[in-house]
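In what follows, structures are represented as structure tokens.
Both of the next two complexes hold subunit A, though its partner changes from subunit B to subunit C.
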Partner chain A sequence: MVGPNVTLTPLSRADGSASYQCPSTGSNILGSVNAPVELPGRRDALKPEEATVEVFVKPGTAPAGVGERYVEGIIKTMISRLILGREKGYPRRGVVITLAIVGGQSARRGDSYLTLLPALLNTSLLALLSASVPMSMTFSATSLAVTSTGDILREPTAEVASSAASVHVLAFSSKGHLLLNESQGAFDLDTWDNVRERALAICRGTASYGSDGDVTMSVDVDGQPLEGTIREAVEDQVHRDYAWSIDAV
Partner chain B sequence: MNKEAPLSIAERDFILNALREGVRLDGREADQLRPLKVSFGEEYGHVKVQLGKTSLIVRISSEVTKPHDDRPFDGLFTIALELTAMGSPAWDNGRQGDLETYVTNTLDRVVRHSNALDTESLCIMKGVSCWSVRADVHITDYDGNLVDASCIGIMAGLLHFRRPDAVVKDGQVIVYGLDERVPVALNITHKPLAVTFHTFDEGRLVILDATRKEEQASEADVVIGLNNAGDVCFVSKFSGSPVDAMVFVNKTNVALEKVKEINGVIDKALQADLAKRGKGGLAEQSRAENDR
Partner chain C sequence: MAPAAAASPAAQPTPPSLSLPPSQFARLQPHAYLLAHLSPPTTSNHPSIRANGRAPTQFRVTSANTGSLTHTNGSAVVRVGETAAVCGVRAELLHTADIASWSVTQPSTGSANKRRKLVDPTLKASETAGDGDDEESSDKDESHIEDLNLLVPNLSLSTGCAPGFIPGAPPSALAQSLSQQILSLLHSTRLVRADDLRIWYQPPNLGPEDLERHNESEQMDVDAEAEGEKNREIKAFWVLYIDVMIISLAGNPFDAAWASVLAALRDTKLPKAWWDIDNETVVCSDAVSDARKLSLRGMPVASSFCVFEADAAAGWRAVILPDAEEERKIAEDNRRGAQRRWILADPDGYEEGLSQERACIVVDKEQGGNGKTVVVKMEKNGGWAIDGRELRQLVDVSSQRWDHIRQILEQC
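Up next is the complex of A and B:
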């Protein structure tokens, strides 16, 4: 399976940005992060000791609606747990995450938004990394559909998801903990266990820890684990960013 | 906030004094555009415009809806532009600023009210169903001249877009998928584009395609919208200090030249994209003519 197409910092005005294209759903998300920024005076919503996270999802070809507000809520709760909002310079400031669906199908009215959620989550992580916002851990997210015959399909398109028995979105932290679980449809606990196992394999591979704490990731049916792809994208970017100083020496 | 950080006095003076000596910050002539790049995505009507450091993405989409009661023969065409924090950290998400209202209004006047897209051709069945075409403008990087860049994006998108074919059979509307029938191009009556000028020193200095800093240092702006044939469809002097009438007369000719230049760039990009798509595409397969 081909991994996602990732570009870090494609934009120049935003503090951090990333573009992410999911190969199986074809959705292309452009994300930007501005942090830390001065927030307009809505002091009632602010916690004085922490940074406020704002998420804005902009659909590609339709006005924003309830679907966007729903995923914004999910992304916001998850991301604000990961950002170290008490680091120097962050309290009373805002972290503004803007995600635009610039390619692929937007969710139409009545479609499940869960198919787009993992791409949105992965994009926001990459954009946060690009903006060097301090975070306690990284993560990777994927979506799975369970068909009525019990087959588990990776990252379903909107059409597949609408005919599936249940759709699940799971996110795993860089430590292997389950960070997010959003499910839609009817399923039993055994099915969910299978889904979790498959999602773990997609996100983190069948990782084994070396004696020095290094993680070695193996490649299986799902190709390179998502976390590895994200890691590599950031590594490549850092390498390129520092290339001039290597050249100069 | 919704406002860019203002220029410092020194920076403003620098820009002004340089302009008085006929030099622009990026070394351009007064009537020179920044490098323009128009490229198309995989889908129909997906355009990326890069004008200097200003960049944006336009997506055109269509769906079947009911026409307005008072105009049963007309389809719908909307331009949706929303400034998000992606384009500039000074813009707030979900809050409409002055710039957004101004740009939306100008685009509406230049593209929509000049009937660039023939809305009557979007009618499927009188009073019952019609196409609703929507142009979404996503500003990804803002470095001045939003109006011209968005206008280029929307026009290129409309020219590139193909809507699904729809026929009426026994009072029933049948819409064919993009893979069932060759999708139909939109009916574009003419290709209007906006050209923005900024003035300095009580209208003595006039420059084209200002960057964000030049915009901030300027006194006033003049927008001229016209098409390849030289028909002026929009003139606006929205805010700032007064401008001599001769500026409008003189700069209309410059604008015409630029519109032809920009339309040339769009046409070239369209040709290249169509040639790429033509190979093995549905249009190629379903052509009636053959090589013999």
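Up next is the complex of A and C:
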């Protein structure tokens, strides 16, 4: 399985940005984060001891509608729990995340956003990392479709998802917590357990604990776990950014 | 001190200037107030109970009433505690002549049917393996509902339902996302059958053809029937406008809104309609006896939950959080000792303000309650307290809730 194609900080004017391309669904997301910023809203509407998180999703070809409002709400609820909005400089300010769908299919009215959701979540994480927003943990998200015969397909396209029995989006934190679950379509909990197991393997790999307590991530059918991809993308970026100091030594 | 003040302020003979009535304490220290109720000191005999007097998995008193609005095709009022939702279903006709892409996508129903039959075997092979007759009637046929937007739900919160929502204001982000949730649940559960919304026209068999057939063998009769079946065409669709107004909001709007949509659709009657060839229009029958109800697929019922954390700072303090494995061990220890988080069913407005993590589970039971529970939608967001084991418990709670809601809906 080919991993996602990730670029950090492609935009120079935003505080942080990332572009994320998922090869299996073909979705291409460009995300930017500005934080902390003064929000133009009424000062008394802002929370006095916490940062306000705002998420905007722009579909590729149409103005944003109710579907985008819904997915913005999901991303906002999840991210605002991870951002340490009480750090110095953040209270009464805003963290503004803008996600533009620049490639792949956009969802039509009434379509479920579930096939796009993992790409949107992973992009917003990378953009937040690029903007150095303090967070309690990182995460990785994936989507799975269960066909009527019970096969589990990874990161389905919109067509596959519409013919599948159920579609699931799961996000796991860097510490193994289940952060988000969005399941649609008929299924039972035994199926869901299989889905969760597979999603955990995709996101974090089949982790095996070494004798020294280190976690080694093994590579299996799903290729490199998503978390590793995200980690490597950030490592590479840091390596490039600090090339001057590394070379100087 | 906190629970004493909350539980029995009158019992203390202290001077009045020093004691706070519970309502003030609830406003000043909401988190401590709810926590004091859920974990009373071991010295007192108070049971662990929510501030609103309910047990953690207890839902609010629910009532439903259908057919209250006379100008709609179906309507319902559902009250869940202090949250009340009114839903009206209005049916309007959509002529296929008005659908721009109709003649292109559906060149003629006859050939479309034929093609469908040709394509189907490959499709069905995988479909029928899963489960039976329900899938059979509905693969391509059902796409009409989604493609032509035959179901149009809208939810309005701008009714003065709660202090935060100004009447007459544009739809808030919450109202929009609730509308979307209702729409996607209507699509994913395929609650309404596309066949109920179609208005067919069967052209009469004209004389000359009949005469020709007469001289030939009987086999032609079968053919003629097939021919007639083939000529049947869709002339119009019913579009259902499903409008929900939350007239009072005290937490958990989705459960109430969905229950009202379900009750209203169960109540909906569509008048008998047919294509009038002379006037080239669709005409409807006035007689109530001709109207027929929608035949819905199943009865999905939504139940929402929130998680209340004892440690208010758990989420934002910049400490190293325990990872999932450690977490599980802590949870084991906690089951013996003091609890640190509670999953509350059907949260009211006060509890919603104190919790970030939410879960929503929509279940249905096959064969009218005798079959096993099927989860139709499962959402969990905003925290890390709910995982596989908790979700399993919540599905059990939701399936009990399903039995309860079915009783309520069948009575009204």
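We adopt the following convention: the second predicted complex is superposed on the first by the 240 of 249 C-alpha atoms of A that agree within 3 Å, B and C clash if a C-alpha of one lies under 4 Å from a C-alpha of the other, contacts with A are read in each partner's own complex, and residues count from 1 in each chain.
By definition in this document, a residue touches a chain if its C-beta (ideal position, glycine included) is under 8 Å from a C-beta of that chain, and two chains touch if they have at least 3 such contacts.
Since this is a predicted model, take the numbers as computed values, not measurements.
**Student:** Report for A:87: first if it touches subunit B alone, second if subunit C alone, otherwise both or neither.
**Tutor:** In the superposition, A:87 touches subunit C alone.
**Student:** What is the contact status of A:153 with respect to subunit B (first) and subunit C (second): first, second, both, or neither?
**Tutor:** neither
**Student:** Quick one: subunit B or subunit C, who's touching more of subunit A?
**Tutor:** Between subunit B and subunit C, the winner on subunit A residue contacts is C.
**Student:** Between subunit B and subunit C, whom does A:201 touch in the aligned arrangement: first, second, both, or neither?
**Tutor:** The answer is neither, since A:201 touches no partner chain.
**Student:** Is A:46 touching anything from subunit B or subunit C once the two structures are fitted on A? First, second, both or neither.
**Tutor:** It touches nothing on subunit B or subunit C.
**Student:** Looking at A:136, would you say it contacts subunit B, subunit C, both, or neither? Reply first, second, both or neither.
**Tutor:** So A:136 only meets subunit C here.
**Student:** In the superposed arrangement, does A:180 touch subunit B (first), subunit C (second), both or neither?
**Tutor:** In the superposed model, A:180 contacts subunit C only, not subunit B.
**Student:** Quick check on the complex: what are the subunit A residues that touch subunit C?
**Tutor:** Touch residues, subunit A against subunit C: 50, 66-67, 69-70, 72-74, 77-78, 80-81, 84-87, 109-112, 134, 136-137, 147-150, 165, 173, 175-189, 192-193, 196.
**Student:** Would you mind writing out the residues of subunit B in touch with subunit A in their complex?
**Tutor:** Touching subunit A: residues 1, 41-43, 46, 53, 55, 57, 59-61, 80, 82, 84-89, 92-94, 134, 136, 138, 140-143 of subunit B.
**Student:** Under the touch definition given earlier, write down the residues of subunit A that touch subunit B in their complex.
**Tutor:** 10-15, 17, 30, 32, 34, 37-38, 40, 54, 56, 58, 60-63, 96, 98, 100, 102-104
**Student:** Which of the residues in subunit C come into contact with subunit A in the complex?
**Tutor:** Touch residues, subunit C against subunit A: 126-127, 129-131, 135, 146, 149, 173-174, 176-177, 179-181, 183-184, 187-189, 315-316, 318, 321-325, 327, 356-358, 364, 372-384, 386-388, 391-392, 395.
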